[in-house]
Every structure is written in structure tokens, then in C-alpha cells.
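Pasting a structure here, questions to come.
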Amino acid sequence: MKSRNKKFKGWSVEHGVMMGRRGHLWRSMWLSGPGIAWMTLLLVCPLAVITWMSFMDRGPNGEIVARFTFDNFALLGGKGPFGYDPSHLEVFVRSIFVGGVTTCACVLAALPLAFFMVALPNRLQRVALIMIAIPLWTNVLFRTYAWQILLAPDGLLLTPFVKVGLMEPGQHIYPGWRALMIGMVGCYLPFMVVPVYTSVKQIDWTSGDIARDLGADKMTAFTNAILPQIQPGLMAGIIFVFLPATGQFVIPNLLGGGKTFVLGNALEQEFVVTHNWPLGAAYSVFMLAFVAAGLLLHTRMTRNRQEREPMVL
Amino acid sequence: MDIPGLQAEKLTRSGERRDPFADRTTILELRGVTKVLGRGKDARIAVNEINLVAREGEFITILGPRGCGKTTLLRLIAGLDIPEPGAIFIDKTDYSHLPAHRRPVNTVFKHFGLFPHLSVSENVGFGLRMKRLKSHEIAREVMAALQLLDLVEVAQRKPGQLNRGEHQRAALARALVCEPRVLLLDEPMDGLDLKLRGELLSKLRELQHNLTIPFILCTEDQEEALAVSDTIVVMNEGRIEQAGPASQLYEYPANPFVAGFVGRCNLIEGRFLYREGAEVVVETKLGKISCSLPDTDAEKADQNEVSLAIRPEKVLVNDEESVDNRFGGMITEVEYLGSETRLRIRSNEVVVRAAVPNPRLRLQTWKAGDNVFFSFPPDNLILMDAR
Amino acid sequence: MKKYLAITGPIAAGIYCFLYLPILVIVLNSFNSARGEYEWKGFDLRWYRTLFADEAALSALQNSLVLATTSAAIATVIGTLLGYGLNRYRFPGKRTFNGFLHLPAYVPDIVLASALLLFFTLLRQRAGWLAPGMTTMILAHVTMQIPIVAIIVRARLEIWGDSYEEAAADLGASPTKRFRMITVPLMKPGVIAGGLLAFTLSLGDFVVSLFTAGPGSKTVPILVYQKIGSGHTNDLNALSTLIIAISALTAIIVALIQSSRRYQDT
């Protein structure tokens, strides 16, 4: 009896199968193994390689020299070969600005839309959600290129403004900041709407009533009882929009024109045009660190709450 | 081995052991079953050295508060967890380390667990398919089970299209059709309304009369337990506090926990003073209370700190005839409940609850603020260790 | 809530217009008989006729579909196994791996694209492996798709925990039978949804394709990108419309599967 118990020490029955540590390892190897191997080889390794590359030096002819250096990061920080050069720093500031404005605009648009969707009958809610999913899965390039057509000086969208007199004939907003922002919001709005909608749908509206019953006025009841309940979805949406938006390159490239040179463009430039790989890698590493910091902050803030991660898919 | 249920039997004043299952065959036996859940810091003993016997045709209810380990105990019997250490015997065979699918035990789960992708009749036939029965046999047995539980009309529906009552009956049919040696029911009434509870309870009792297997039901609801079971097992923090027939648990609770969990009870703490034959005198805040004790339980009285328990309906209020343990007090609360009136009487910082029957054609005469006297008949006081 | 419909309704209508305007422009222009995109001159299928005569466009379409199908098939197999394995079994370092699994959803795609470009180039220079082309594109796309499939399958498994398998075990089903009769049917909608999403993700991708493509493996987005500057793109509108239609169709199917009540927990 005793010896038998010893054999099963540390074992547990999970999903109806009795198993010990080795059973878990063995099954993990066959099931998760291929996925882990693939992700290690094609996600972790490339990211490691790019991190390594960011510390490499370049020879006189632009070839990569395997010599450890911090020069690339120093260059990003403003220490150019001829003294202080803020051009790379400006790229960061501009990117974060673009990402931030896009996120704010998406929040402002997603909130009323989510409240509208929740007020619909169930069947229509599903249709409304599918209507959000379709643009989400449509190629960004096509949508961006369509905005080029729409925002052209004599295009569909600007003609009414010209007729009313808000704009002068021939004046154009593309390429430029305004076109860039329109394209960005159009691209990222669905990513905000889905998590915010999920949160709004789960709101316990009675808590608002209770708050009002306890003497809160309409506004206080909303900000103190309803808004905190949307917070998880809002946070998820912000993370989902802000992090990728700072690294967007198709939209700034096609709609922004030369003045909106952001991180994405810089990366493309270094990798495809000038072939300064170490510098491009430094840009990537910076962006990775930025994303990691954002994600860590997000998990920190949501750790105490036991909530399922909002599914944007 | 110290089985709490036996202690309670010693207390039975009539002296006779009323165990109608004493001569029945033992089907399920648990010996020292223990289970630790969680790892490292979170580890806690969910089930602590449980000994339990279930005999032919016995309806056992495991009663206990949430988190007392009753669900874990059922999972151990079903084979969904393994005891470490401990042994589980079914029909004298050791099943301790056999997985669930090789045990002749079936369970009605808390949330029923009907497979959402199969229809009701496919769900009910699932266990028989696993036993490799021929399809016409399966069809026959399933039909019989569906008829037994009034499910014929919904046989082709998916679980998503059933109401709660049908859901629950389907889960019961699915377990019963396998002809288990032991049927486990894990809080099957949880979240059901009163009407459905009543229906299921009477159905269970009816089924149990016709079958010879033991049923083990898990519940938090004492009324449910008192209504259907032959034996009630009160569990708390992984241990059995007391086991016995409903009447025994109610009349002779073994300890303050059982006294408080099964029915309502007054608990008066005090200090043992002296003992004269079968009479024990205890010093309490109310004053000296004497209580008669069966000879068999003499050693209990040697404890210094003791508790006295008495059910509210056993407390006599303004009863001229009683002379023992008589105290004065003031009514602080009156609840009129039709068949009885519940009183709270405060006396010397102690609040005593009393339930007085309302005889016919007598108007309620109790008022808050009245001064009354009350007495505890020595026969109805139960002496137990203070905990 | 309903009382606010008067305010939120028009805003919502505006937002939907804003989201669909670009898609509508492409679709309408693909049927526009006018040359150039700025005016409507009547319904015409001529751009579709030109498209089917255009070797380059057809090969791009073929490349896009081959890439999406192949990568989605590989990712569905690996991702399903991974999602199931992660849900069920423990291994050291699981938490760290989970972090990496979620990374591709948040990292700007250009970072992933440049990392893969660098990685593939180094492999080719040092070892002579993997010339840029369909193979590298498939490898890159599968890397993006595996997390999606795995996360969806795992979420599906998490919804019902192990309660159904325990019930089956209790009814006498051996582990193999349990897997075949309970786990697989319940997991199926998740697998289909995950696979279809992987397919749409591949069709919707542009940046990673651009960075990993070779001369012979131009996909539709790459072709469109290269021709944007060159003026008349009506036939590209037709090509884009086809891709948009396929994406939208799969997105709708996925949404219907995910919200179907048939398999939902009761």
C-alpha cells in the first residue's frame, strides 16, 4: 500500500487522466513541441539576431563589422558624428505623437459606437460586430490607397467642403498630417471598438442606479460606477492601438508625405534603401523595448483583476 | 478507530442502536482518505482522513458549508482525483488508483456536464456505448431511462435547448442508465427553484426505493439533507464532524459545529463544577445549570471548559411545572411564525432563543419588554466540549 | 441606455460610413467604366476582363492565394496542437513562452518583418539557405498565424475547462475515446475559426510580405503598392476587390462560427 502511494506521489488527475511531471513533459513535447520550436526558430531567433545586429559597427564601405559598439543607440539619442543631431530623436517624438493622437481619436469614436451597439437588439448587435470585423481584416494597403483617391484635391470627399467655402479649390490635405490621421484612425478604429464593446456589454447597469440611489448625480454616477467597468476594455484597446500605431509605416508613407517621417519609415529606409542594418536594428530594438514596456505596464495594471484577456480576434 | 458517528451513538439515551443498515452488505468503503489540493504555498488539506461506509440501498448526504471538501470527496470516489494517502473499496475491491473510466461509479455533476454536441438520447446512451453494448440494446435501455425520467419528448434536443429541470433529469438518466454500484450527486439542486428541487427530491427518493445501490448526495442545504437521507454526514474543513441518521444529528449533536449547522441551537458556554451520579452541574453566566448525562459518556464531564446545547423548541417559557434550571429574563424580540412563536430572551448578558408552539384559539401573549422566566429541562440539555 | 440612441445613433452611422468609404471606393471603381478613379461613368466589367488577360496580375492573385492557403494550413496544424498542449500540459518555461506567443499581436509588423528579413538574409549569406521567395514568405506568415490559431483554440478549450472530459471519464470513456468523441468535436469550431482567421491574416498582410518576398513571389498587395505611383489603377481595383471579397467572406464565416449557439456552454 505504502509503496504504491509513493509511486503516485505528486501525480494528479487532470482532465480525467492520471499523470505526473513526466507525463506532462512527454505530452507537451508532442503537442506544444512543434509550435514552440517554430516560434523559437522564427520569432525568438530573428529578434535575438536583430538585437545582436543593433550593437554591430560598420566599416568604411558600409559593410557590417562584428565589433561591439553602442554607437547606433547613441546616434538615435542625438549624438551624431558632427555633434548634436536631433533628427532621429524627432522621429521618435513624431511617432509617439502620431500613435497618441490616433489612440485618443479611436477612444473618442469607439465609446459612443460601443454604447450604440449594446443598445441594439441581440441579432443586430451581431451584425454590427461583423460590420466592424470586415474592415479589421481588410488589407490596410487597399484602404490607405483608397483614402488617396478620396482625399485628392478634386476627389469625392473634399468637393462639398470646397462648394460650401470651407476650403479653396485646389487646396489639398493629402499628403499631409490631416490625411495621415484620417488613414490611421480608419485603420485602427476596429481594434479599439471590439474590446471596448466587449466591456460595455458586460456593464452591470444596476450599479449606476445604485450610485444614483445613494445620491450621486448623473455625471458622478457615470464616472464612478459605469466608467470603471469599461476600463479593462479601454486599456486593452489602447494597448492594441497605441503600440502598433507608433510603428505603422504604410499609412505615413502613402498619406503623410515627406514631412511625417516616423519610426516605420525610418526602419524601412535603413533596411531597404540605405542598408544601414545596425542602425535599423537599433530602431527595431528600441521599438521592441517600447512594446515590452507597454505590455508589462498593462499586465501590472490588470494583474489584480481576474479577467479574461479581451479577444480582439 | 475513532469515528465521530459512533460517539454520537453512545450518547443515545435510549441505549439501543438504531441502524437499519447494520445487516446490509457494504458496497463502498473509504479508509483514511486524504487529499491535498494546490501546490507549495497554496496547498491545503481538502479532505482529511475520511472513513465512510455506504451500504446497499443507503442514501447518504454529505452536508457541509462551501469549501468543506465535500465535492473533493465525491471526486475522489469517482476517480477524478486520487487520494494520497487512503484507500477506496467498492465491493471489497481496491479502486484507489484506478482512473474514473474504470470505476463502477457514476456522477451527476454540479453543472450537469451534458455534452453540448450530442442530443439528449445520445448523452444518455454515451455510457452504454462506452460499455460496447449492441446498438439495439442501447436504444432499449435509453428509451427505458428516458421514460423513467419523463424525457421522451425532448430526446432529440441538444442540451442547449433544454430547461433546467430537463437538464437535470437528463444528467440523472445518463448516470443511472450505466447501472453504477454507487451513484454520486454533486449538489444537483444548486441554483434550482423550490418547485424543481421538490420534484427532483421526490424523484430521487422514488428511484432509491427501487434500486439497491447507495446514493451519495452532496449539499449545503440542511433541509434537503434532512428530507431525503438515511444517513447524514456533516463535514467541516475536510473532516467528518458527525455521521448518523437525521434524528440523531438533530437530537444529539456531537459538537457545537453540528449543533449550529443542523437546525438552530442555543449554545451556552460554561465551566464544569461537579458531578453527582448522572447529574452534572455546570457554572455558566446564567447561573448553575444541572444536566443529566448518560453513564456511557462519563469521561466527557471531566473537561473543564464545556458547552451546553439546547434546541429553541426545548426551552420552556413561563412553565409553572418545571423547577430545574429556572432563570428570569426579558423578551427582546418576538417573531410570530404561525405554528410557533420565536422569542429572544435576554438574561444576564446571555441571549436565549426559544420557540414556543402556538396552541389553537390562544392569542399571542408575548411582547417585547415582558419579563418572563424560562427553564432548561435537564434531559434536553446536551453537554459537549467547548471549542 | 436606449434613450441615448438619439445621440449615439448618428455618431455610429458616421463611423460606419467612415470605415466603409475606402472599401466602397475600391469596389465601385472596379466596376467604373471611366478611366481614372475620380468620376463615375457607369457600370462596366471591363477591368475584370483586363485583369484576366494580365499575366502579372493573375500570377499575383495566384501567389496571394497559394501563400494564404499553404501558410494557413501549416499554422492550423501546428497552432491547434500548440493551443491544446498549452491548455492541457505543464512544462518548465511555459509562462515565458506565453509572453512570446502574444508578442506578434502587439509588435508593429515592420519590426517583425525587418527581423525576419535580417534573419533570412544572414542565413542565405552564411549558409546559402532560403533565397527570398514563396518559402520565406510562407515561413514568415506561419510565424504570424500560429499565435492566432493557438490562442483561439486555447480560448475555446478554456471556456468549458475539463468538465466534459471528466463527465465522459465518469461514464467509462477511456482517454482515447474521450479525445475522439468529446474533445475533438468541441474543439472543431475553434480550429475552423482559427484556420480561417489565419487565412485572412495572410491575405490582409502587406508589410511582412513586402520584406520577405522574392522577385518571383509578388502578391496582390505588393503589386498594388508598386503600381500606386504610376497612375491608372482601375484593373488593380478589380484585383483588390477580389481579395477584399474573400477576406470579408471569411471574416463573416468566422464571426458566425464564433457566435453560433450550438456549441456554447450552457
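By written order: A, B and C. Residues from 1 in each chain.
In the analysis below, a residue touches a chain if its C-beta (ideal position, glycine included) is under 8 Å from a C-beta of that chain, and two chains touch if they have at least 3 such contacts.
Note that the coordinates shown come from a computational prediction; the quantities given were computed from them, not determined experimentally.
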State the pair of chains with the top count of C-beta pairs in contact.
A-C
Farthest from subunit A in C-alpha centre terms, which chain would that be?
B
Taking each chain's centre as its mean C-alpha position, how far apart are subunit A and subunit C in Å?
17
Rounded Å distance, subunit B centre to subunit C centre (Cα mean):
56
Of all residues in subunit B, the ones touching two or more other chains:
79-80, 99-101
Flagged in subunit A as touching 2+ other chains are 16-17
Check each residue of subunit C and list the ones that touch at least two other chains.
166, 168-170, 175, 178
Which bits of subunit A are touching subunit C when the two form their complex?
14-17, 21, 23-25, 27-36, 38-39, 42-47, 49-50, 53, 109, 112-113, 115-119, 126, 129-150, 152, 154-157, 185-186, 189-190, 205, 239-240, 243-244, 246-250, 254, 263-264, 267-268, 271-272, 277, 280-281, 284, 287-288, 291, 294-295, 308, 311-313
Along subunit C, where are the residues that touch subunit A in the complex?
1-2, 4-5, 7-9, 11-12, 15-16, 18-23, 25-26, 29, 37-38, 78-79, 81-82, 84-86, 88-91, 97, 99-112, 114-119, 122, 139-140, 142-143, 146-148, 150-152, 155, 158, 162, 165-166, 168-170, 175, 178, 197, 200-201, 203-207, 211, 221, 224-225, 228, 233, 240, 243-244, 247-248, 250-252, 254-256, 259
For subunit C, which residues count as touching subunit B in their complex?
160, 163-164, 166-175, 177-178, 181-182, 185-186, 261-266
Given the complex with subunit C, which residues does subunit B contribute to the contact?
78-80, 99-102, 105-107, 109, 111, 113-117, 126-127, 130-131, 158-160, 162, 167, 174-175, 178
